[in-house]
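Worksheet for the structure shown next.
First chain written, first letter: the chains are A, B, C, D, E, F, G, H, I, J, K and L, and each begins at residue 1.
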Amino acid sequence: MINVIKKNILVVNGPNLNMLGLREPEIYGRETLDDIAENMTVRAKELGFTVDFYQSNSEGDLVDRIQVARGKYAALIINAAAFSHTSVAIVDALRLVDFPIIEVHLSNIFAREEFRHHSCISPAANGVICGFGANSYILALEAVRNILS
Amino acid sequence: MINVIKKNILVVNGPNLNMLGLREPEIYGRETLDDIAENMTVRAKELGFTVDFYQSNSEGDLVDRIQVARGKYAALIINAAAFSHTSVAIVDALRLVDFPIIEVHLSNIFAREEFRHHSCISPAANGVICGFGANSYILALEAVRNILS
Amino acid sequence: MINVIKKNILVVNGPNLNMLGLREPEIYGRETLDDIAENMTVRAKELGFTVDFYQSNSEGDLVDRIQVARGKYAALIINAAAFSHTSVAIVDALRLVDFPIIEVHLSNIFAREEFRHHSCISPAANGVICGFGANSYILALEAVRNILS
Amino acid sequence: MINVIKKNILVVNGPNLNMLGLREPEIYGRETLDDIAENMTVRAKELGFTVDFYQSNSEGDLVDRIQVARGKYAALIINAAAFSHTSVAIVDALRLVDFPIIEVHLSNIFAREEFRHHSCISPAANGVICGFGANSYILALEAVRNILS
Amino acid sequence: MINVIKKNILVVNGPNLNMLGLREPEIYGRETLDDIAENMTVRAKELGFTVDFYQSNSEGDLVDRIQVARGKYAALIINAAAFSHTSVAIVDALRLVDFPIIEVHLSNIFAREEFRHHSCISPAANGVICGFGANSYILALEAVRNILS
Amino acid sequence: MINVIKKNILVVNGPNLNMLGLREPEIYGRETLDDIAENMTVRAKELGFTVDFYQSNSEGDLVDRIQVARGKYAALIINAAAFSHTSVAIVDALRLVDFPIIEVHLSNIFAREEFRHHSCISPAANGVICGFGANSYILALEAVRNILS
Amino acid sequence: MINVIKKNILVVNGPNLNMLGLREPEIYGRETLDDIAENMTVRAKELGFTVDFYQSNSEGDLVDRIQVARGKYAALIINAAAFSHTSVAIVDALRLVDFPIIEVHLSNIFAREEFRHHSCISPAANGVICGFGANSYILALEAVRNILS
Amino acid sequence: MINVIKKNILVVNGPNLNMLGLREPEIYGRETLDDIAENMTVRAKELGFTVDFYQSNSEGDLVDRIQVARGKYAALIINAAAFSHTSVAIVDALRLVDFPIIEVHLSNIFAREEFRHHSCISPAANGVICGFGANSYILALEAVRNILS
Amino acid sequence: MINVIKKNILVVNGPNLNMLGLREPEIYGRETLDDIAENMTVRAKELGFTVDFYQSNSEGDLVDRIQVARGKYAALIINAAAFSHTSVAIVDALRLVDFPIIEVHLSNIFAREEFRHHSCISPAANGVICGFGANSYILALEAVRNILS
Amino acid sequence: MINVIKKNILVVNGPNLNMLGLREPEIYGRETLDDIAENMTVRAKELGFTVDFYQSNSEGDLVDRIQVARGKYAALIINAAAFSHTSVAIVDALRLVDFPIIEVHLSNIFAREEFRHHSCISPAANGVICGFGANSYILALEAVRNILS
Amino acid sequence: MINVIKKNILVVNGPNLNMLGLREPEIYGRETLDDIAENMTVRAKELGFTVDFYQSNSEGDLVDRIQVARGKYAALIINAAAFSHTSVAIVDALRLVDFPIIEVHLSNIFAREEFRHHSCISPAANGVICGFGANSYILALEAVRNILS
Amino acid sequence: MINVIKKNILVVNGPNLNMLGLREPEIYGRETLDDIAENMTVRAKELGFTVDFYQSNSEGDLVDRIQVARGKYAALIINAAAFSHTSVAIVDALRLVDFPIIEVHLSNIFAREEFRHHSCISPAANGVICGFGANSYILALEAVRNILS
């Protein structure tokens, strides 16, 4: 059973990430969150993992989802989006889990508005990967493989 | 079809506004959020608009509601109440929509407690109207008419 | 006589607003402060008001003008422009008058440079309307009508 | 009927408190939130009270629960957990109710990380009790009895 | 002998608390610090404790009193009043003792002037109880009983 | 001629002080700035001085008035009102004069809003007298006499 | 008896003021605190007052002295010296008394080191007089006469 | 006509600069603002320019003067003196003009009091020259020639 | 020739990274900077790249090395170590280059001392990878491949 | 007589230093303040000095002790402990004395809690020695010898 | 020999200035640091000076260069570039020299990113010239001539 | 061999200390860094030590020197001068070494400019000695002897 857990990775996405690719695709690209999920599934399979992909605009739902992950996953990849900058509740939920946590961001948050420079989630994560677009998620998969091996 | 969109305005209300008028009416007045909705409907009709009126105490629900508004409304009037001061998620949702946004407040937030002086929503809005009680909403309707004409 | 007072509204404009529309009209529009005054006069008449329109680049003159307004006007609409961010003297003058005060701005000051986000005048006003261009003034007229009725 | 109200106390618990005791019990103790609820029920009965016990990870649900409490309870005991440090919405909801409010925390928040030192909820409460583990809740019951008698 | 120690609690009171109840009793109530001492003695007896009650307006005397308490008491209840906000010396003295420390305040310090929101003593205490008037002291007795049992 | 200078004191008053006593006299008292001038004249005469009394709402006029005072007065008493908190220009003008400067305020500025606690003029004055109403001016006269004798 | 009270003024002096005039008299002048006391006694007599003069280097003693002054004096003149900048305990003691309080300083504290610019005592005083050397005390006597008459 | 404009430079001077050289000439030098104007005229002539020289102690007058300069000058040299540190109104006026702006200061403002280190005017200028006494103005003339050629 | 450039990646390491693995290897691991260089070379080869590896304790040398990289590399991976928090010079050098920049850190800098939370280099990089030990460098290689393909 | 003074050194110790060595000696060492006094006496004798050793938990007593030292000692060594961070009164007393002052601390205060990093006493001392345990005092003796020779 | 010194000016350039003109010349212009050196040499000759021109990316080398300049130059012109904002070492070196120092910047640093607004070097310079591109250096030459004559 | 190490002490000196005594010797004294080295050698010999003395103006060189000291010295005495206030790189290098570190300063840095009050090096040192001129180094030798014995 531990083997099963060791092979399953939870990917948690915060508010407004469900709109990815749907808006002004000629500018922001046509890659949707579903595309990211699909690409992660493919790459995860190559690395010997499966992924569970979750998105919500609700802080409470994200906390719920992280809580039930305890003991069921090998690792957690989280893009908390706007909640990265404000949610102590998600930080506390992350402190509860017992597997590696990778924080990802599509954009380089340090090159954006001042209020996006600080992520309260970072201290609760093993590491941070940001600024590589959808590839940030794939890099997180590689990071997980390395941590677990 | 664009004409239909051009005529429909979404009004979004944040936490605790559902309690308006129910509490100590001898002090705060008897006008409820339903009364405001009704008055807006009447005035909107005069201006050639219809209004969809929404309230929630949940940040996530408000983000959901704003997201689905894309492409379906002529304008958005928002009183984010307490979330005005804390919600980056609502700011991000507002950045996604493609029609004018008017921020309203019943009270003059600049004459209240220090922590209410800053609204993170304001930079994402076209304009701000605050301090006129229920009339702030009606003035927002007038503002929308002017922007759209 | 009170009726007369009830019908007259003072509109006070701060520094550099006299240059409105004169500069790069192809960019900033051709609407001058005189145009705004004229439009307000028309709309005020419809609402049963008259307006006295005043502009000065001098903080002292603005204080003088506000002082002599005591007892002579039904309401005051003020766009203090640059002085919004620096003038305690105008705040003190506004605290002296005994009728409603509406603060207006052409632009959304919260979407501009950091030092324009704070208006020391706001706490002395009944309400604030900003970001609607010349229409901010017209909306202020509507607000005054509502407060006085 | 007032007697009934006078005897019922609402206990509201914020995010992640549902995980209490479930995680590393050899370290943090085996007392769960259910145990706390049970102990409160017993002690409340001795003091002539009943308790309604509520927990949610959702800020919106907590606001909802506090709103409907109006007129139905003798007092409110709240451990807002992570939301203590961030939620203006809960503060606003607490300002709506008309009975005593006691803020409790299991740990001494002033001896923890800097960002936990400030609770925005405290100014809306009658008093604060923190640092006594599960006993903070029992002490709050005693405090309620004293306030109501 | 340990039993004796286990039964004796030191109650330390800071500056101006000796004036309690003597000033404008029709407003602040007639309960004096002597009344509080007496009520604590009664309740302590019920709980199987004795209390030594001390007050001083001098920071140095309070430090002296705390120092000599080492090894002689089962617990310390302290209302450092004004010194809560300024005295590193009392914090250092509290760090020296080897029994539980409960910080109490009559008023909810978080609902008062800004400079009273921070107590430098809190991190040195096991827990904090504030806002319940004279009952804060009685609740502290209950807290001590729970910690020691 | 020095004797003449030694006997003449300039009293400079900043914005809105001309409204003193004219507004809500039943609340703020009926003493006007003219009354203060008259009382100063009487007391000055007793002390062997004459006073020149000046008020303006204009920062520039106040600077002008202070500049021309050089070499013509024995001392300067200044209540810069709102400009106390903002005017570097008046500070620079005060640095130019060669006789004692007394800063006065009617109210205790340290017991008012935060932004009134700091007077940039104080470091340029010999001393400060505030909080004694119109008597602050009379006390300043006594102070001048003492400095000059 | 009230007449007697009305005639007696307490003068409280904080730390290091006892060294006045004893140190480098060729630089700081030869006027000692005793000289100030004597001069105040003379001037007080002229004004129909008596003065009780007190100095201590101990914050606690100063609090004690202020406490016992309740009901026994017509007014309090206080130069808290170094404690002006740090003592909440003295502020609390001053809040207890029921007669006018005048804060004095020998030097102009606003023209000295940054940390001397803020006096926490000022908000508890009726007014402040600083920068006039020993004459600050005499001016305070004049201020008291004016307040009491 | 453009040639004429290209040859005329406006020099604007802020508060208290009219006192230059008049005060303690043995210390600060005997060079007055008139001397500076004269020297600039001479040097300007050599460079093929004429200069209009203006000084005022009034912020409003300075704004007026800058406004009417639009379209009439080849460049603007400004020493806003005390207003450099406080005037948003002058900044806004400078933003209106369409020719190069050089900010000058007689002293090195960065080597003076903390509050003089920040000039809000600098971001609106092409460049800044400070610390060279009257020669700062002459250097500004050279800078203008270089920018215009 | 562009192909050659496209295949060569510069890896720049800041102060004290040369000590990696040499110090307390039983605690910090035995992997040295040479080991990291070797592992990168192997992985780079698999990805079709070569790597140039550079380390210096001198800010100036790092700036020199980055400058000469212009036009010669396909990408830059930089771990500026201590200079991440202080060096504007390195930021300016990075702004000069015309290929992707990846910032890496061995540790999660956001979980360390406060002064390490801010990297001034981040805004000049395409993305940031931190907290994965030596694997941060390998992940950066993967990121480069993705950016360049 | 000057010789006598030249040979006598006052050592002043602040709050809680009297507890040194008495508490958990197996952890903090068994060296008491008496031991330090004795060691200093021995070393002072070798250097040709005598030492007067003083400790108090009272800020006022410490000020008193420093005041009476004027003219009676060759130098002052002070470990103000907790008062180092808060006492302006001790700073003012130190400013009164006319001989060298050495500030010492047992621990390296810069490696402890944030609030211990700042000593307001340091600017009034000739030099500071901290972090060497009891030896800090002995080093201060050596420093005194060097200053006086 | 003094004449020789009087005629030689050292020009010191900080990090990344060696890249001037080499990067995107179509945007930033083709003027290199060598061009600036050449132009300065020509203009210096006209003014009767010679110039020694130095650039380094190393803070230490810049300090070295400034140190050896003592007694060998008539003046120092410095563009410390990035080090302007961070280097206390260069400030200390500048404090050592005994001739005039002119700080120059190509760009108007006050119109750029926040962290470039403060130059720690400015207080150590006689004056500052910034925002005039390469001409800032030439203006500095003129300034030197004026200071030395 | 450990004995040899135990006997050798490295003394590291930061930027501009090489200029000591060379500049204005009539003011700052004629003692050079060489003199200090020589005096340390003499005193070290008496204490049974040898000293290696190093100075550099380059942060990188200082880091290099500290790195190679690992395992080769009994202790490190460092006066980082200007780098004390800015260099994280030196702090990181100091964290690498395995022997006692003493921070010294010639002047009392707490009595100088604000920016010199904070040394980032202090937390990495065992202790700090400052304000005793060249004797600070000798005292550090004594401190080393005490730590090592």
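Simple rule for what comes next: a residue touches a chain if its C-beta (ideal position, glycine included) is under 8 Å from a C-beta of that chain, and two chains touch if they have at least 3 such contacts.
Owing to the predicted nature of the structure, the values given are computational and were not obtained by experimental measurement.
Student: Expressed in steps between touching chains, what is the minimal separation of chain F and chain G?
Tutor: The distance in steps between these two chains is 1.
Student: Which chains are in contact with both chain H and chain L?
Tutor: Output, common partners of chain H and chain L: K.
Student: Do chain B and chain D, two copies of one chain sequence, contact each other through the same residue numbers, with over half in common, or through different ones?
Tutor: Copies use mostly different positions to touch.
Student: Counting C-beta pairs in contact, does E-G beat H-K or the other way around?
Tutor: Between E-G and H-K, the larger count of C-beta pairs in contact belongs to H-K.
Student: Take the average of all CA coordinates in chain A, do the same for chain L, and state the distance between these two points in whole angstrom.
Tutor: 48
Student: Distance from the CA centroid of chain F to that of chain L, rounded to the nearest Å?
Tutor: Spacing between the chain centres: roughly 56 Å.
Student: Which parts of chain L, given as residue numbers and ranges, touch two or more other chains?
Tutor: 58-61, 86
Student: Which chains touch, pair by pair?
Tutor: Listed in label order, the chain pairs in contact are A-B, A-D, A-I, B-C, B-D, C-F, C-H, D-E, E-G, E-J, F-G, F-H, G-J, H-K, I-K, I-L, J-L, K-L.
Student: Which stretch or stretches of chain D touch chain A in the complex?
Tutor: The contact residues of chain D facing chain A are 14-16, 18-19, 23, 56-61, 81-83, 85-86, 115-116.
Student: Taking the touch rule as given, give the residues of chain B at its contact with chain A in the complex, in rising order.
Tutor: 58-61, 63-64, 67, 70, 86-89, 91-93, 96, 120
Student: If you look only at chain H, which of its residues touch chain K in the complex?
Tutor: For this pair, the touching residues of chain H are 108, 110-111, 117-119, 122-123, 125-132, 135-136, 138-139, 142-143, 146-147.
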